[in-house]
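Labels A, B, C and D are assigned to the chains in the order they are written; within every chain, residues are numbered from 1.
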C-alpha cells in the first residue's frame, strides 16, 4: 500500500486535488497527467469520470495515479471529450473504495459526477436530515451530501439544483461537476481552497494548481473566483455568481506547504513567497552560524531565502532518500530501537563541528523536529538553531486539511521556549503572522484578515456546525532562545 | 512494476548493491534496512538469504525493498543471526525471478549463497566450458558461474573452493558469500566496485556504501581492500589475500553519480567531491549568468560548488516531482506530442528573462539534456549554459554498470561543439578528466591511472574476453561555445 | 474467474440462493456452510452480512463460497449471533461487486440488510418513480428498489415499512432481511421461489433448500408459506400475513432442474419426483433400445426412472469430467474446430453398435443436444433416442431464472419433429405438461394451475409491468419420430 | 488454492499425468486440452514446454489447467509444432513452482525438457553421487536426477545420453522428453505406469490415458511398450528397445481407481473392468438388500456391476456436491463438531428404513468409510453392507502413487472383521486378489504376477534402494460378517 512515510505524519496534509477538462479528445489522458502533477495533494487514491456524449464511465483505484491511470486497459474504458478527476487521502480496503471520488449518481435528470476539494463543516447535520427523508448514503464522506441535496432539489436544471444545494452547505469547497449539461467548476464564497482555469487549444481546464496546467502544456487564464460557478459546454463558457458577496479568505497554508513551489497561487509564485518567508525569518530571527541547512524538500526555498538574506552559506546537511514513497515498517524489535534514518540521513562530513541553522516549513506534533535536531547533533553539529517558515500551528483545520486534534499540536501545548527545550534546539524561532503576510506583500488586517489563517490564529471564517472549537489560541511569544 | 522514470533512462545505472551481516539477532531486519539505503543501486528486484545455524532460507522479489521486506509474513520466514542481501536491476516476470540474487545452491559440502555487485568479463566463456562438463545453469547471469566453479572445485573447504573459483574469473566483483563455515566478503584485485566494512555491537557488517551502515547506526571500520577476502564466523574475523597484488582501479563514476552524496567512498565525502567538481567546472568553464540551476537531484552538489566558486546565485529553476518512482506511461496519442513534464517542471516565475547555468552530472544519450534546455527556453530563459560534472562519456562499461552500447553514447558520436548545437545550449562544457581527478585531490597518472575511468577514456583495466571494444575514444575538445 | 462451463450455458440458471440464521454463536460460519450447499443456485458471487448486537458487518466477493468464506481473516470480521447470506450469478469487476448481495443500507432507523431470491416484474417502473423523488441507486438490480421503498416509507417500525414496501412490488421474492429488530424471512403471495425454515438447537434458520439445513445438521421445520412474513428475535418467532390471500404458484422447474436431488421441495423428494418423471416418460414415449444413458449429472434420476419402468439397462454411456467448474476457453483456431469434449466424453467401448435412449432434463437452445447426439453417433451408437424430462421450454422466465430471450428458445422456434431433425436424433420426446404434474402426484388444473409453469405454457401468474410478452406459446405436438 | 477435498485424502492419488505431441500447429493448445482431460491425475500444478524450431518456451503454474492454460497471454508465448506437458500433485508456494514439470535445462548439446509420471526408487542415492561431482540441483524431486545423468553422460547424442541415464535408474517412469533432435516417449522395462500413443492427422501424440486422445479427436494407435523408447521427428517415428527384456508388470490400480472409466487401459475398457469387479464381488460376497448405492463418483461402475449381477436395484443414496473441487475449511469451532457434509449428503427420503449395499473402490485410512456408514445410518438405513471393489490395501506404493505410510493403512493394521467393526458396517467384504485378476480376464500367476499389485500383496517388482519395506503383508481373511 502506498502511504506517506512516518516522518510525513508530522505534516499537515492537503486532503485533495481536483482536475476537470472540457473539449479535448481522450480527455481522460489529460486528467491522468494533471492528477499526476497534483499527486502531492492526495496520494492514497485516485479516480476519473468521463462523459462520452451518451454515457458516463468511471474508474477509481487505491494508490497513485501512475500504476493505475497509465494502463491501457483502464484508459481505453474512459473515452470522451470531457472528464473530471480527483486524488485523495483515505484508508485502505473495499470500504474505502466507495469513498474514492469522483462520486457518481444516476439522478432522474441524468448522470451527475462530482470531485471535491475541501470540507463541509455542516455535513453531519445535513446528512441526518436527508437520511430521515429516505436518502440512502453510499459513502461516509461529506461530498455525498451535495449529491443528495441536488437529487432532492425541486429546481429545474442541474445548475439550479447545484446552486440550491450549495446554498445549504457551509465550509470549504472547490468542485468540478460533470453532467450532460456541461462541466461546472465552482469555489465556495470565501474561496478557501484554490481552483484555477486554463486553456489548451479549444479545451477549457480547471485544476487545483497551475502545475497541473504546466504538465499538459496548457496556459493559465485566471483563478475561478470565490463564489463563482463556471459552466462550460459546447455553447461556450458562462460565469454565475449566485451567492451573496463576502470578503474572500483563501488558505494561507497553501503558500507555506501544500502547493508545489512551481505553482502560482493567488497570482503569486509559491517559490518566491517561500524565499520571502525565509528572508523575513532571517530578519526576525537572525543567528550566527556556519551553514543554513534545509529540511528537504519542503524547507529548501525558505532556507535559500534565509541564506541569501543572512549571507550564511546554504548547504545540504541532510540527505533525503528517494525511496520513501512507500512506508517502510521497521521490521523487528532489534532494529526498532535504533535511530533508523530511512528518509533522512545526516551529511556528517559536512556538519561535523559546525553551527547549523535548520529551516523547516512547520512544526505539527514536533516528533520530526526532535529527530532532526538529534540527527544533527549525532553528526557532530556544534549548535543547532531551528527556524520555522510558518507561525506556530495552534488550531485544527476543518476545511479539508488533515490536522491532528488540537491536543496533539505541539504549539497548542507549550510556549516557543518550551518547544525549543522539547526539541533540544539551541534556539527556535517561528515567523510571526505579520511576517508571513509581509512575505505575501500584504499587511494583515487584524479585524478582517485577508486569508484563512485559522490554523495559526483560531480565527475561523465560517461557523463550525458539526464541530466546536472549545478554546482560543494560547498567547505565545514567537521567539525563544536558551 | 516499479521502474525508473523514462528520464532516468538517460543515466548510467549501477547494477547492484550488496549487504551482509554476521552476529545479530534477526539479521534479516538489518539487511532489509541496509538494502533500503542502497535502493538507488538497484530498484527492480531484491533478495535476502539467511542461515539460522541449520538451514538456509531465502526470499526474492521483484520490486523495491519496501513493500517486500517489511512484511511480517516474509520476515518471519528469515530467522537467524547471519544474512546477506542484494538489490538489482533486471527485467520482469518469472524468468527474471530466478536471476534475482542472492543465488543459492545446495552443494555437496552444504548450502552456498552469494550476492554479487559487478560483472565478470569472461563469464560466457567459462559458462560454455562448465556446460560441456555437465553443469546445468538455472539463471542467465554471470554470477552463477562462480557457484558452478565452486561446486566443481576439488579443493577442501568452501573458502579454498571460492578462491579457486575467483582465480578463474576476470572483471569486477564485490561479493558477500554465506556458507555454514561463515560469512565471506571479497573484492576483486582491482577493487573496481566498492565494499565497506562496519561494526554494530558484536556484529560485523559489509555493504556497498557507508549509508547502509548509517541507516542501522553501525560505525564504519574500513574498506574491504582490493583483492582481499574477509571471513567472519564465531571464531573471529580473518583476512586473506590470495591474489597477486596489482595497483587498484576503483570506479571513478561512483563519485560522479552512483553513490549517495552522504556516503564516504574511498575515504572521501561524495558530497564534498561533487562540490569540488562544481568548483573546478566554474574555473574551467566560467560564464556570465544570473542563476546557477541544478538538474535535480543529482546535479545539486555540483551546482552549489559552481555557485559558491562563481558567486552566481544558486536557485531552483527546475522542480522535480516526488512521484516518479513509478514510470508513468503517457497514456494516449493526444498527450504524447505535448512536451509533458512528468518528472521535471520549470520554475517559470524565476527563470523568465534570466541567463541560466544549468548543471547536470553527465550526458549519456543526450535526450534529457535536449528536453531540459528546451524547458528552460520555454519558460523564458534568455540564455542557457550547460555545465556537466563529468567528462564526456565515450565508452561502455563492462564492470557492472548498465551503459548503452557505444554507438548510442552522444559523446562517442560528436564533438562538444556539435553536442552544444544538438542540445540547443548557448554553451556547453564538461569538466576535464584532469579536473575530475583534481576534485578528488589527485593528479591523474596517465600511464597508470589511479581509478577505472574507462567510460571517459576507454582505458579498461582488464581484458574483455567476452566482448571486444572495436574503437578507441574519439579525440574531443571539452568546451564548446557558440 | 469461476464460471459455468459453456455447455451449461444451455441450461436455465437459478439466479440466487439465500440463507439466514438467528441465535447461534458465530452465525456467519453456518451461513457459509449453508451457502456452500446452495452453491448450485449461484456460482459467481457470494456475500454474508452479520449483526453483532451493535454493528452490521458485510463481506461480499466474486467467486465461490469456498475460497472466500472459509478464510480466517474474512470470517473473523463477521462476528455475531445473527446473519444472512446470498449466492448469485453476476458479471465480473468492480461494477458487479456493488450488485452482490446482501445489500445493506444505513437507514435513519438503523441498519437494513436484505438478500433476495427472485425477480420483481415492476422494478424498473418503481425505480423511475423513486429516482424522480431523489432516491439515488447504488446497484443496477431490482432488489435495491425494496430498500428505497423501506427508506421512504412513513410507517413506524422496520416490519411495517417492509410490508408497506412489499405491497408495492409485483413478481417473485423470497427474502431474508436483517435489522436491529430481528431477522425477517418472507415469501411473495404466490410463493414462486422456495424458502424453508429449520431449527438447530436454539437457532432458527431459513434457506432456499433443505440441503442447506442438512449440511449444518439442522432439522427441517416447515416451508415459509406464500405471503408469510416470519420475524425472529430474542422475544421469539412471530408470523404475519399482511397480503391478500391468493392461490399459490410455486415454480415447477425447481423439481425439474434447479433443486438438488437430495432436497425436499414443497414437501416432496426431488430425487423421487425426477425418477417419477423418467417413469412417466417411459410410458408416454417408449422405445426399443439397448441402454438408457443419462446426460450426467442432472439427467441421472430421470434415466434411472426410465430404466426401471422400461427394463432397459441403465449404463454410463457419457462420462463427465470433474474439472469443469472452471470454463476452459478453447485456446486456438487449430483446436477449436475439433469437436472438443471438455465436459463430456463418450464411453465408446460401451456405446459402439448399440441403440441408446439418451435422457436429459431439458432443452433450452438445443446446442448441447446437438453435440451429445453427435458424440453418441461418433462413438458408434446405432440409434440415438432423446427423451427430455420436462415439456418444451417455450417461454422466458421473469421471476428470477436466467432464460435466454424467447427467440433463442429452440422450442419457441420449431415443432418437436423439427427439433428431432435439428439435433439429429432418431426420435425425440418431451414429457407432457400433464405427465409432469402426474409425476408430482397432481392433476393439472388447466384453469388455475397449481404451479408456475409459465416457461412451458406462457401462463404467467403476475402481470409483467416492465416487460411484455408479445406472443403466446406455439401449439406443439410433444413427440416426434422420424 | 485448488486442492483435493478432505474426503479425498482417504484415496490413493496418482501423482502425475503426461502428454506430448509432435507435428501440429499450435502444439501447446493440444497439450492444454490433453492435460485438462488428465487433470484427475494431478490437480495442484501444471506445465507446458514447447520447441518452436529454434527456442524452447515454458510456462508452469500452480493450480488447474483451466484458468492457467486457456489464457491468451499464456498461450501466445508457447508457439511451435512440438510440445510436452505435465499435471502433478505438489505443495504450494515459490519453492514448489521450481518442482513443477516439465523440467527444462540448457545442456551443452541444446535444450532438454522432460515430463515424468512415476517415481525412481534409487533417486536419493544417485542424487548424492551427482552432488559430490559438482551437479547443482534446482528441484527437490526425483526427475531432475535424469537430467543431470544426461548432462554428465559422455555418449554422443541426446537419445544415447538418455538411454545411458535410464540404465542407471530403477523404479517407474513413463517419460516424454523434448530436445531439438525430436520428441522421445519411453516407459520403464516393467511398464509400471501407462503411456499410450495416438495420431491426429500428421501429428503423433503420447499421453497417460486414452481420454487425452479423445478430447482432441485423435485416434489411439497402441501402447508404448514396456522398455520401449519412441523417437519422433521430421524424419519419422523410430522405436528403440535398449533394455534387457523382462516380464511387464503394469499397475493394477489404474483399473481400480486412477484411470477415468472412459479410458482404455492395457487394451481394456476401464468401465467394463470396473463393472466386472462389481459383478465378481456380488458373486464373492452376496447379501440380501433393498438397494445398491455407489459412493459417487468412483464407485458407480462397480455398483452397477453389483446391481446387475445381484438384481438388487441401483439407486443414488448419496448425492455428491459439484462444488468441492476447492477444499472448504470448516470455519469455526461451532460448526466443526457437526457432522458436516460438504461433499456427500444422504438422499434420506430414499434410504430411510432400507437395507443398503454401499459400494466403494477402496479403503485406505478408513476415515471416509466411517463417515459414509454413519451418514447412511443417520439417514435411517436399516442395514449397511460395505463392498469394496479392490483387495485390502496393505502396502505403500513407491512407483509414483501418493500412499500414506504403511502404519496408516487400515488394512495393514487389522483384519477385515476388525475393519467391519471399526467402520460400523453390518458386513464388509473386499474382492479377492484372484477375483480382481478374473475381472481383468486373467488368472493370477502367483509366482510371476502379470501386474504390479504390490499395494495389495507387498510383491514389489523392483528393489527399493532408497526405502526398505520392513514387513510383509499380514495374512487376512477377505470377508467378515457380524
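Following the convention adopted for this analysis, a residue touches a chain if its C-beta (ideal position, glycine included) is under 8 Å from a C-beta of that chain, and two chains touch if they have at least 3 such contacts.
Composition by chain, UniProt nomenclature: A, B, C, D = Amidophosphoribosyltransferase.
For clarity, every value in this text was computed on a predicted model and none was experimentally measured.
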item	value
Chain whose mean Cα position lies farthest from subunit D	A
Distance between the centres, which are taken as Cα means, of subunit D and subunit B, whole angstrom	53
Whole-Å separation of chain centres (CA-atom averages), subunit A against subunit D	64
Centroid spacing, where centroids are CA-atom means, of subunit C and subunit D in whole angstrom	36
Subunit C: positions in contact with at least two other chains	none
Chain pairs that touch, as defined at the top of this document	A-B, A-C, B-D, C-D
Residues of subunit B defined as touching subunit D within the complex	94, 105-108, 128, 131-138, 147-148, 151-153
Of subunit C, residues touching subunit D in the complex	24-26, 28-30, 32-33, 36-37, 39-40, 43, 64-67, 69-72, 75, 211, 214-217, 260-262, 264, 269, 271-272, 297, 300-301, 304, 308, 313-316, 319, 321-335, 338-342, 345-350
